[in-house]
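Listed next: structures, encoded as structure tokens.
Below are two complexes that have chain A in common, paired first with chain B and then with chain C.
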Partner chain A sequence: MRILTILVFVLLHSTCPAQRWQTRTAQFSFHSSTKLEDITAANRQGFIDIDASAQTITAAVLMRGFEFRKALMQEHFNENYVESDRFPKANFKGNFTGNTVQWDKDGEYNTLVNGTLLLHGVSGHIQCPAKITVKNGSLSCTAEFTINPEDYHIKIPKTVMDNISKTIKVTIITGTLNRIQ
Partner chain B sequence: MRKKIRLFITLTLLALVMAGGYAWFLFRQGPQSLLKRNAEISCSAEELSAAFLLDEQEAGTKYTGRIVEVTGKIFRHYPAENLLTLGDSSSTALINCALATDNNPIPDHLQTGTMVVIRGICTGFLADVQLNQAVFISKTAP
Partner chain C sequence: MPVKYQLGRIMAAACCLLMAVRPASAQEDITDTVTQKVTQAFYSTRVIQSQSIEMLHKGNLDVRILHRFGPVDQGIKELFGIDQASMRMGFDYGISDHLTIGIGRSTYRKEYDALFKLRMLQQSRGSRTVPLSIILTAGAMIRTADETAQNGYKPDAGDRTSFYGQLIAGRKFNRQFSFQLIQTLLHMNYVNDGTLANTLYALGGGARYRLSKRLALTLEYNHVFSNLPAGYYNPLSAGLDIETGGHVFQLHFSNSTGMNERAFLTETTDRFFKGEIRFGFNLSRMFQLH
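Now for the complex of A and B:
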């Protein structure tokens, strides 16, 4: 009986290959809009791992990798706001909780992602809609959510408080993810 | 006496306007191209990735935030994303270079495996060693 159980287990795992995709070139961008100023920064080197079997998504990005149009703004972002030396990475771990995605069937799927964002050493809950596109066995994903810097203990000096929105829009565009074994 | 006061006020106002203008210029300035700046550290792609794989914290202290000139083989070029990776299929970690968007394109004829020199600011390690504002310096002899 025990041998039979092991055989069934081995057979099941050999016939159902893990469905896992990764990219190291995902684009993470954020946007702040106020009457005084629009601020946008992007990082083109984000890491994303999607495990379809476990319905999980892991994302990570280096804070120093965000590129701004203004050099001084980038310096202030790293040194004063997100303190990139102390907290070099932002991580997100979540699950797909919305509509079922048929990972092996071409189509566009609107689903939900629920998870925890670790930013500036503070964890926060994120729930956001995500669009997954499956085409010819490859996968891409886009998601958008908002965060409040205050929730992550990011202090904005009073002198520039009116230039930075209290709500920051974050957009993730994965590009094509590579299937891994 | 009045003339002196008037001159003093005029000079003070002029100094304030000039200081304000300079501050505004600095604030509006984009990142300076690394083509115009010297590298602080030069090393091979293998050396750089090995340092982070061995001790991420120590390598971070040495390389992060510095201008690093890296010599390595082109592993992959992503023209749409303006990214370039250095290393080869045996590399555990590659050097992921986010190329600067200014006038410094990677020459089209450079193919996978070509030895090149890239200068960029090291931003740390995340699956690969990452450089940004990276610029193409030269092709080297194999």
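Now for the complex of A and C:
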């Protein structure tokens, strides 16, 4: 009886393996647009984990990995705005809450992601549309949302207030995620 | 219920639990595998007048306008020294993140200067920890104002040229405090005053204490170990840095007049603690050229 029970579980488990994908080269970028200045920064070493069986998405990115066109701006971003020494990375944990994605069937799926972003030591709620592409068993995803620096206690000094937008557009392009066992 | 059967149920349940837990172990720690450079030990490439362990970024042009006024103790008639301004304008450029070149000219003795600054080691943490930054600086200066020695000799261009080499080691200890040691070897081709050596060695210290994200207190001192003639003193300066994003204002008080290495090491004739101090400010404006 004991052996039978174990056998049943093992069999069940092996017939429906965890559907899980990861990448460490996702591109995270953000954009601030004002009349005076357009600022863009990108990080191409983002971590993404999608677990289809749990319907969850996890993301992490190192703040120092964001590259700006102006090197001094990048230094100020790390030192004075997001304080990368104190808060080296940003995390996101969320769930797919929109249309059902058929993870094992090729196609493009528009769904929703709901979750918590931890940035600059402050948690905020994010809800955004996400597009998932399934092709030949591999997966990629794009998503876009806006954040307000003030919500994450990122202070923008008065002298540059007109140069930095109050809402920052964040774009995530994961590239191909690799299936993991 | 037989003991054997119960055991089986427990084991089956444990098995089930293990399987449920397995896929949840997310591997997301990415911070430990990366080396992170330590930046902004000082707001500017100068502590006050000495070179700091900061470098320009590649493609950045730093336009530096330095002012040093007359002695503060002259009172309101001279507006506490503001009426007598001495200045140096300089242009520094970052060829790479680790190599900066620069030129400048001071009104004092109409002296031109050029510098070459190389970062040999950068403080970092993470997977590769480097405890300090090491900088090598080399420079040359030439005075173009008319000079006549006491014996009537008129020094030529070669005589009016001097050189220096510096080894700077510094560390950003935490977000507030940074400290560096500066060793300088200065050579002057010709010295007017026979009591001053042609080659001298100085050891200095520079410190920063950050008050807020944009304000910092600075302090620097250089001690000349080769004997300075009577009436000459070691330069000491204390200041306040204001960083506004692209601009850095360095307000300071100093006992020296000169604003290059030769001038402040060998031609400081005031005593800081006798109140013989001058107000000054450095203005640094950064341009990203490409």
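Just so it is clear, the second predicted complex is superposed on the first by the 173 of 181 C-alpha atoms of A that agree within 3 Å, B and C clash if a C-alpha of one lies under 4 Å from a C-alpha of the other, contacts with A are read in each partner's own complex, and residues count from 1 in each chain.
Note that in this section a contact is a pair of C-beta atoms (placed from the backbone, for glycine too) under 8 Å apart; a residue touches a chain by one contact, two chains touch by 3 or more.
Keep in mind that what you see is a predicted model, and the values were worked out from it rather than measured.
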Chain C versus chain B on the shared chain A, clash or fit after superposition: clash
Partner chain in contact with A:64 - chain B first, chain C second, else both or neither: both
First, second, both or neither for A:179, with chain B first and chain C second: neither
Chain B versus chain C as contact partner of A:79, first or second or both or neither: second
First (chain B), second (chain C), both or neither touched by A:169: neither
Touched partner set for A:157, first chain B, second chain C, both or neither: second
First, second, both or neither for A:44, with chain B first and chain C second: first
Which of chain B and chain C A:25 touches, first, second, both or neither: first
Partner chain(s) touched by A:89 [first = chain B, second = chain C, both, neither]: both
Dominant toucher of chain A (residue count), chain B or chain C: C
Where chain A meets both chain C and chain B, residue numbers: 24, 45, 47, 60-62, 64-65, 69-72, 85, 88-89
Chain C to chain A touching residues, read off their complex: 4-5, 7-9, 11-12, 15-16, 19, 22-24, 26-31, 34, 36-37, 39-40, 57-60, 97, 175, 213-214, 243-246, 286, 288
Residues on chain A engaged by chain C in the complex (per definition of touch): 1-2, 5-6, 9-10, 13, 18, 20, 22, 24, 45, 47, 49, 51, 53-54, 58, 60-62, 64-65, 69-72, 75-76, 78-80, 84-86, 88-89, 91, 155, 157, 159-160
Interfacial residue positions of chain A with respect to chain B in the complex: 24-25, 27, 44-45, 47, 60-62, 64-65, 67-72, 74, 85, 88-89, 175
Residue ranges of chain B touching chain A (in the complex, touch as defined): 26-32, 60, 64-65, 78, 80-83, 96, 98, 123-128, 130, 132-133
